[in-house]
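Below you'll find a set of structures to go through.
Shared chain: chain A. Partners: chain B in the first complex, chain C in the second.
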Partner chain A sequence: MRDASLPAKRLYWGTRAQRNALGIGVALLLLVLWETVARVKGSVYLPPVTTVAKTFFQEWFSAQFRDQAIPSLYRMLAGYAAASVLGVTLGVLIGAYRRLFRLLDPILQFLRAIPPSAIIPVGILLIGIGDAMKIVVITFGAFWPILINAADGARNVPSERLDTARIFGVGAADQLLSVTLPSAMPGIFAGLRTGLSIAFIMIVVSEMIGSTNGLGYYILQSQRTFAIPEMYAGIVLLAILGYCLNAGFLAVEHRVLAWHHGQSARAV
Partner chain B sequence: MDVSPPAPIRRPATAAAANAAAALPGFLFFAAAAAVVELAARLGWLSSYFTPPTAIVAAMARGLADGDISGQIGMTLLAFSEGLLLAAVLAITIGVLMGAIPAVYDALRIVMEFLRPVPSVAMIPLAILFLGLGTSMRVAVITYAAFWPLLVSTIYGVRAVDPVALDTARNFGVPPFEALWRVTLPAALVNVATGLRVSASIALVVTVTTELVAGNNGVGFYIAQMEQASRLPSMYAGIVLTGVLGYLVNVLFSALERKVVFWSPSARGTAQ
Partner chain C sequence: MNHGGDALLDVSHLQKRYTSSGTLAIEDVTLDVRRAEFVSIVGPSGCGKTTLLKTICGLLHPTGGSVVLDGKLVTSPPPEMVLVFQDYGRSLFPWLTVEGNVAFPLKKKNLSRADKARAIAESLRAVNLEGFAKHYPWQLSGGMQQRVAIARAVAFSPEILLLDEPFASVDALTRAELEDLTLSLRDALGITMLLVTHDIDEAVYLSDRVFVLSPPPSVVVRSFDVPLGRGRDQERTRSEPVFLELRNEIHHLIGRPRPEAAGAALSS
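And then the complex of A and B:
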């Protein structure tokens, strides 16, 4: 639901262009307001928007991008990939076998309730502050929503589908791969999307707590050394990366789940 | 062809006893896993950074008894509730306005699209800058994080109100403001309750996170301090407690959700 497009409104005003113009107008107005307040007050904490923009281009169209943003993205994608593979595999198994689900449910409920950042200190003790620690922490954070949603998806496969497969003599392993897994896909994708946003948060946190590079480190360090425009530029870059990751994910989801959307549209 | 039993039998609808019986193996397995870790840690098979579960429980009991941990839990819950409450007031107000009035939605949409993808924790340095390291900084970050899911589901709920219900109200001469209060809001409550549950669990994660990164009290701060002091059983006790808190928050807000929306079609189990 988080990113699903909102239902169409019954009462429209104006044309589409007018409505977009209003939105852009308000956004621009806020930027002008920021610029004016910053210039009038001259506070160090609130640099003018134009300064932030200049810093943004100076910082991120230079070697800084390679030194700070690339390590963050690499760790995040590595951790997210590990969490996806583990979470989907285990989740589908747990969901498909009711006994396994009952056996593991209490442990899983407890582990997933732990805020993932709380295990960063454990990660630092066990693995140090290198890339491996961050990847493990990101994996831990993104793993739970993926696992839980995959298990829910696999548990709620319509029983007619499984019965049909059984009647046609489909083997257990085959059933898991060609009936349960595809049926669980909508659930799996819901989990993968939550996992992605958690992975994104975890990379920033883990770099703030124990790191010598990366975007989380960069913005906290900028704040501590009073490089304020740099701090804002870092936050803006994070916003843009977050937006792109989400948009990319939605594009993949749309492609992979095209069959499902088509089917549910027909059903309604 | 062999005739295997038909589709897995659904859980019998009879009361709590059946549920408890079904849950028993899970709890036994939990206990067994803890016992294995205990044994492995005591026998020195694991790295010394792993603490036997009994030592963690002992450290937790000590910390709770002498007020070491309990005070920190209080601070965590305080920041959590303040942030969530503030987020709820803001998100529901703005969400209802955006959902009910198209011009407001169009005006704020682009700003919202720009701000929403900023990961909440990236706001920590900004908040430190303006609010220092105290509780108000943490409350601000928690509010920011908890605001978005609730805002989106409130807008969604207000927009999804059955147009027939609104038209009926209009036909009976109910003025628009009263229709908002008596038709739209009750109908949107389902989505608001769901949004509140999601926001609450995010708020707790962000509370512990800000305490870890830049706190001067709270369970997150306690965990970081115990790690630096190498008091591992206490550190693990703090982590386990965050898990307990997370679990309780989820149970509480799920119950609230069920209570608030007992009449909605999805909660009653009848398809819409």
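And then the complex of A and C:
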């Protein structure tokens, strides 16, 4: 009888270090490809990697960082903070109180359908092209996913938990803070993560349309004045900033939701 | 046969109609529980036993009849009564440690830090979970989690504990352990017990009296005194002729269709 055993099939190729190295290797290969094509073809619209890199260090390690990047970051974080506070508060309330939800739902469904970019002209008319307009637009954009996910999280608190709090004499407001809010945290963080991405997109868009500084403005202005390496340098900086913000967010989530990750891991 | 002291809980012609569907869950339930007594309510699944307990506990309002605890009408969850749910996964707080869960009912009690710590330690000791204070509930087995729920209830220093099929979600061996634990809690702390179960053997093993509930619209079909005395043992008690006779009689009774005389609660 033939031996029916087969070698165990490995799920992934190699060790983790080898896979990481492969990923980095592919990225480097693409950069080399870019450099080669740029040098050979010599298109003004695709400068070589080395030129972009030089411009990058030239621009962002100078006063430009303070003049362009800092305003963008400030506006984005301000808008995101406002969206988070408003979104979580209102979200948890409409999730916990069905009556409030039914009252507000039609208005909310309509407003959330508006793409945040469409609000920019309204913002310019009413508020101008200063910091305030961008912060308001970012708040509007990031608010919706935060609201909806927070509401969802608050709505799905197991009734036994709230009943238990009632049995222990915990009042309605305290129930909201000590039972509903912690229970809704996983949902809230899902909303906050999406809201962060939207805030990031909206800062660039709003600065391209109505601004005199900021990274969005910088990138568009570079394109218009044919400062092509600068344009790419701006995009690369955005990518790095976005990556850092996301990493920071994940680090916070990892701590706050440690209990949730532990519980989910256990459930498997 | 008087197994306890005076009446602690008096449920009189209790009626509960679901507000959403209008169906009658509980038609006419009359039962009483004396101080330090262990009373079980047994009935087929789906006979509104959870609704009954929640109404007795004050979480739901009766549509007829009354619940009187220690001479006072129950209109909202009174501090002398705690309800332990069947699904510990949904009733325990996963973002808190075992210690945190057990401390939750103590929030309203304005205890000093030392007193609080003592109360928590005593509650954990009562359920044999010393040493697990810093664990999270989801790190523990099902039986241990239910013990955390019981410890949390005990920490509230109630006079009466309502248990909603508390051992239905654990395996048979753990069930026996938890049954004996509940008996010892009654003996050691003098807490009155009202337990709802579909398991006839469990009801007879644990109780001083057993009430048999009909399918909805529920009435008390009959009540039985359990002449087995204190100091019960899983092996010895369950093989005594009195035990077997009684559980068979109840089993036979539950198998029968509802008696014609609705609302009549007969005592044996």
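The rule we apply is simple: the second predicted complex is superposed on the first by the 256 of 268 C-alpha atoms of A that agree within 3 Å, B and C clash if a C-alpha of one lies under 4 Å from a C-alpha of the other, contacts with A are read in each partner's own complex, and residues count from 1 in each chain.
Heads up, the rule we're going with is that a contact is a pair of C-beta atoms (placed from the backbone, for glycine too) under 8 Å apart; a residue touches a chain by one contact, two chains touch by 3 or more.
In this text the structure is predicted, and so the values were computed from the model without any measurement.
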**Asked** Does chain B (first) or chain C (second) touch A:A173, or do both, or does neither?
**Response** neither
**Prompt:** Who does A:P182 touch here: chain B (first), chain C (second), both, or neither?
**Reply:** second
**Prompt:** Taking the superposition as given, does A:A17 touch the first partner, chain B, the second, chain C, both, or neither?
**Reply:** neither
**Prompt:** Looking at the overlay, what does A:A63 touch: chain B (first), chain C (second), both, or neither?
**Reply:** neither
**Message:** Contacts for A:I114 in the overlay, against chain B (first) and chain C (second): which applies, first, second, both or neither?
**Reply:** first
**Request:** In the overlay, answer first, second, both or neither for which of chain B and chain C A:H260 touches.
**Result:** second
**Prompt:** A:V40 contacts which: chain B (first), chain C (second), both, neither?
**Reply:** neither
**Comparing the two partners chain B and chain C, which touches a greater set of residues in chain A** = B
**Request:** Could you say whether A:D163 touches chain B, chain C, both of them, or neither, answering first, second, both or neither?
**Result:** both
**Item:** Footprint overlap on chain A, where chain B in one structure and chain C in the other make contact
**Value:** 159, 163, 166, 169
**Prompt:** Once bound in the complex, which stretches of chain C touch chain A?
**Reply:** 54, 57, 59, 76-77, 79, 81-83, 85, 87, 90-91, 93-95, 104-105, 107-108, 136, 138-139, 156
**Fill in**
Per the touch rule, the chain B residues reaching chain A in their complex are 1, 4, 6-8, 22-23, 25-27, 29-30, 33, 47, 49, 102-103, 105-111, 113-115, 117-126, 128-130, 149, 152-153, 155-156, 159-160, 163, 194, 204-205, 208-209, 212-213, 220, 223-224, 226-227, 232, 235-236, 238-240, 242-247, 250
**Prompt:** Which positions of chain A touch chain B when the two form their complex?
**Reply:** 1-2, 4, 6-7, 9-13, 19-20, 22-27, 30, 45, 98-99, 102-107, 109-111, 113-122, 124-126, 159, 162-163, 166, 169, 197, 200-201, 204-205, 208-209, 215-216, 219-220, 222-223, 228, 231-232, 234-235, 238-240, 242-243, 246
**Fill in**
In their shared complex, chain C is touched by residues of chain A numbered 158-161, 163-170, 178-179, 182-183, 185, 259-260, 262-263, 266-267
